[in-house]
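After this come two complexes, each holding chain A, first together with chain B and then together with chain C.
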Partner chain A sequence: MFRPRTLQGRYARTAYLFLLPAILFFAAFFYLPIGNVVATGFRTGPMADQWAGLDNYGQALSDPAVRHSFLVTAGFAVMVVAGSIVIGLALAMAIDQPLRGRVLFRVLLLVPYLTSVAIVGLLWRNILDPELGVLNRVLGAMGLPGQTWLNTAPLLTIAAVTLWQSVGYTMVLFLAGLQGIPETYHEAAKIDGADAWRRFWRITLPLLAPTTLFVSVMAVISGLQAFGQAYIITGGGPGDATDLSVFHIFNVAFRTRDFGYSSAQSVLLLIVIVAFTLVQLRAGRRGEVTY
Partner chain B sequence: MRRPLLYTLLGLACLVTVLPLLYMVSLSLQTEAETLAADAVLWPDAPQWGNYAELFARAPFGDFIVNSLVVAGCITLAHLLFDPLVGYVFAKFRFPLRNTLFVALLATLMVPFFVRMIPLYVLMANLGWLDTYQGLITPFLMDAFGIFLMRQFIQPIPDDLISAARIDGASELRIYRSVILPQTRPALAVLGLFTFVFQWNEFLWPLVATSTPEMRTIPVGLTLFNQEYFTLWHLTAAGSVILFVPTAVLFVLTQRYFVRGIALTGLK
Partner chain C sequence: MPSHPSRRDLFRLAGAAAAVPVLASCAGAPTTQSAAPGTFTVYWNAGHDYQAYRKVIAEFEQANKVKVNLQKYQWPDLRTRLLADFASGTVPDLVEEPGGWVQEFAISGNARSLQDYVDRDGEAMGFPSDWQPVTVERNSYQGKVYGVQLHLTCNTLLYNQAMLRDAGVAVPTTWEEFLDAAKKLTGDGVHGVALNQDYTYLWPWMVQAGVTPYDPETGKVMTPIADAVAALQFQADLVHKHKVAPVPVSGTDYSGPQKLFSAGRAAMILTGPWDLEPIRKTSPDIDLGVAPPLKHKVAATQAAGVSMFVPAKAARPDLSWDFIKRVTALDVERAATKETGMLMPRVSWAELPEVRSDAALKVFADALPDARDSSQQVRLTGKLGKWEEALKVMYQQVLIQNQPADETLRRFAASAESFLK
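Coming up: the complex of A and B.
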């Protein structure tokens, strides 16, 4: 093996030696698959071995089912983002007060975050079942009419179930953000006579912008790639009302066995996600604050 | 806001998060008739602990548990082995193409798993690794997030410590093991915890990459069990409890680390 003569050369050699497993891993399990998904998107046939040029992409862009699943997914992501910010921030502000049992509240609110999407899906499918679900019994006992939300508002319902699982995580992020705002800002505003409402809009919210940005980026990314909710709870239905994109791609790939067409759709969805992330981050850079 | 109102609000929110999980436990102890009653049963008259035994008789649930432990365990070990090493290199070494490689690494953060799903499936099929442990494990051996976390944690460690060890004649591997690694313990705890919980709960890849029931992990085995026996809610709930308990115990034991870990993910 060659021996570098300079000290720098020796450090560089050590660095690459240490990096070698990682370089091989990311090449084989990230960059090679990404290259392959793009390449497969240009092919067709049961073995995805015939050149199809841009046919798959063109077909995906004009396929009403694909367009519908994109819209469904976008709607789902918007609901999850809005819910994450509003509920997460409200819970964080409530728990940020000097209360007894804060740690316990925090633990209990965070518990659903530990559950697998398998639990979330199966449990809520049972609870929401119009025939045998416990929710209708509880509603009935309170004198409220029974629900069939998975039929009447399926997308909103699976978004709510997703929030049930994830909002504790958002709350902890907002809590960290709130605790990073110097107390002096609020005190100064109080002395100037600003009420709580004004302080929220003029101090808390603007200074929390980086956290809100992070939360919304994470929620968009995870919302756009939700899968289990459709696979387990609704099967994409009723009809195709909850045909989330990744669920749609999964079906085209592994039920219809059309790897070319499903790969092209994956690439399109990836482009949407990357574009969204970059736009959000760029918009966020303008609102950054330093203390 | 007034205190009583705050307590009420937070109390209600906690009921919403916790009651469904308690109901899951209740469901797992009901008789089949109780689970199918027109009026849902809140708590069973006589808890049916035998449901758990019946679950193991109906599905290879023991295999699911072993598979989940092996897969999540191996992936967690790999992260603990590689993420700090790679993070250390990016934090403390200067070498050609360093920035290029680091950007290439961070770029993978923007690649969601579904993008890799189809090509990985084809790759694993070609390797003959579908329905094997190596097929379930290898796609997740490292990730940019863990490496980034470790780099951020290692960066503040003074360079002088490393130089001093070099002057004393310590080998580079020795420096990493004896000087760097011991100082990263809190970050390693967070990394290990998160990796294990996420992999324990992972759903999509084990669904795609396994075909025989004996190779399924708990989340997938349970979901497909429910598709097959969709009226046996008491058994599905029992399986859910088994899936949930390890993460819940881990969480209760380490909730401080957990909360700190989440807050860390929000840092840039």
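Coming up: the complex of A and C.
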């Protein structure tokens, strides 16, 4: 058996041996399926058994439905990212105060994040239904006109539901970031005459940059990968107004039965997500500050 | 032996633990569900788990010494699971399908021809002579039978008798009368009619307007297009122009109109027998009326209903066929109808005394001969999934988003004619 001569080599071998189960797990359940999807993207037919070369990729790049679903997804991701950062940070700052019952408040905000998207989707579908939903009954009882958001602003509505579910998690991340900022910075700034707004812009926000970067990267990834919201709440409609990319890919695979074409679209989406993530990481690292 | 393992021992253990899943995966594919001894796997719709079928399953298990694994799904989930099964080669013994899949999977080679069984047992079980002709046609491909219809349904008019009586409105029989009635019935928080967001509810209107969904001879879609536009615009106008129907909400659920009807918020709905039971259960006080399909240019309605087929790789097709024979027997149809009010595909079922004497069932049974299968010609192209996706988008754009029917339908037709070639 191979036996490294140096101590460093032995340590490395030890490390790799301990990593081996995780590597095998990821290989079996992540990398092999990804490789399979990449390979399927070059094939066509109901059983994806005919060679198609780059045809699927060419078709995807010129397909108006693919372009439309990507634009819908991009819009959805922008709303989710912006909402995650703004609302998550606002909640974290509110909860970072010495208020009574703040632990309960934190738990209540985190509960939706722990709930399945299927349950959240069904819950909001029933709340928002214009005819039989709870919300319109409440609005009606208050003498207010009913809402029809699922029909008039469906993308914004599912983005809002997504934020309702996920913002508790981003709040916890921002709260951890806020509590990691030494109080001395704020005290020193106060002595120098900086008001609360100025301290937020000059101290809090810059020092939260790593957290903001993490939150935005995670929100972009989850926004571009969103599926359940369209599947459960709107069915991709009305029309194709909420035809999110993954939902579109799912339909190409399991409704139109074109696994080759759906695989090619999956690979393209993967490339887009990786590209976005790399750009964000590079831009985010440039903006990091230390005091 | 030392009480504490050495580092080398730990390495060995870690290596062994890591090797287990790898070696396990090399041990060969697991036995298929079909081949699992003693288990007979059936994929079934979650809404069709009737006591009448449970009785058949018990008898089937006893006769064949197997245990039936009845896996229940909603249609989209059943399809996802089934396609994954086809890809993996692990298939169930029998599949219930919502209409249209039999020919699709016959074309792709995933469904087994049942013609040899039909040749052997057909006469004794009354197949195809005792089945409504449309049900045999929609389950055949290139002259061979690939599936057997389990339920045959159609779409007709359900109405709240008390509401119509109070408003002094006669039961409508034509589109014009329907619109007039809906106008009179709308008010005080009640909609004259509730339309469905599901695109399949487009078809009764289209077939009544004399529209042919797809003509493979000419390659044309939705002809005559002017009549198709008029039929589509008529539905949109009920919602947006006349405001006698609420704007439907897009989703995966097609029970919205039934819920409004059950809640006393809609006076009329156009639907099938699947809504009878929920209405009677949730609102037993509603005086439910069932009327024949509306008439326009043609006396027709949409045929629907589920079938069963056997996957090509199913290991025990003899057992699968035995199950099909048992579950489609006239006595079982009769029991299922008594239990749920569901309509059945046998001609002799439509003549049963209990069907003829039931006011609701009789209307449906009488409408069945006029029921049309709208997707038959599209299915045979193998492009049904793409067609349905495009149709859903077009229908909701007009019905929900109030886009002009003319422009939207013509755009759909041009696109469909292109991919159906």
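Quick notes on this structure:
One rule holds in what follows: the second predicted complex is superposed on the first by the 263 of 291 C-alpha atoms of A that agree within 3 Å, B and C clash if a C-alpha of one lies under 4 Å from a C-alpha of the other, contacts with A are read in each partner's own complex, and residues count from 1 in each chain.
By our rule, contacts are C-beta pairs under 8 Å (C-beta built on N, C-alpha and C of every residue); 3 or more make two chains touch, one makes a residue touch a chain.
The structure presented is a predicted model; accordingly, all values stated were derived computationally and were not measured.
Put simply, more of the residues of chain A are touched by B, taking chain B and chain C as the two choices. In the superposed model, A:254 lies in contact with both chain B and chain C. Contact with chain B, but none with chain C, is seen for A:11 once the two complexes are overlaid on the shared chain.
Of the two partner chains placed by superposition, only chain C is touched by A:46; chain B is not. Of the two partner chains placed around the shared chain by superposition, chain B and chain C are both touched by A:131. Once chain A of one complex is fitted onto chain A of the other, the partner contacts of A:206 are absent, as it touches neither chain B nor chain C. Shared-chain residue A:232: touches chain B and chain C both. Of the two partner chains placed by the overlay, only chain C lies in contact with A:20; chain B stays clear of it.
Look at A:58: by the touch rule set out above, it reaches neither chain B nor chain C.
Put simply, chain A uses residues 14, 18, 21, 25, 48, 131-132, 231-232, 253-254, 259 to touch chain B in one complex and chain C in the other. Chain contact summary for the complex, chain C toward chain A: residues 7, 11, 14-15, 17-18, 21-22, 25, 76, 79-80, 83, 86-87, 104, 108, 110, 197, 246-247, 249-252, 256, 259-260, 263, 265, 382-383, 385-386, 388-389, 392-394, 396-397, 400-401, 403. Contact residues of chain B toward chain A in the complex are 1, 3, 6-7, 9-10, 13-14, 16-18, 20-21, 23-24, 27, 35-40, 42, 82, 85-86, 88-89, 93-96, 98, 101, 104-105, 108, 110-123, 138-139, 141-142, 147, 172, 176, 197, 200-204, 207-208, 218-220, 222-223, 226, 233, 236-237, 240, 243-244, 247-248, 251-252, 255, 258-259, 262-263, 265-266, 268.
Those residues of chain A whose C-beta lies close enough to touch chain B in the complex are 8, 11-12, 14-16, 18-19, 21-23, 25-26, 29-34, 36-37, 40, 48, 91, 94-95, 97, 99, 103, 105-112, 114-119, 121-124, 126-127, 131-134, 136-137, 164, 168-169, 172-173, 175-177, 196, 210-211, 214, 221, 224-225, 227-228, 231-232, 246, 249-250, 253-254, 259, 262-263, 266-267, 269-270, 273-274, 277. Listing the residues of chain A that touch chain C in their complex gives 14, 17-18, 20-21, 24-25, 28, 46-48, 125, 129-132, 148, 150-151, 154, 231-242, 251, 253-257, 259.
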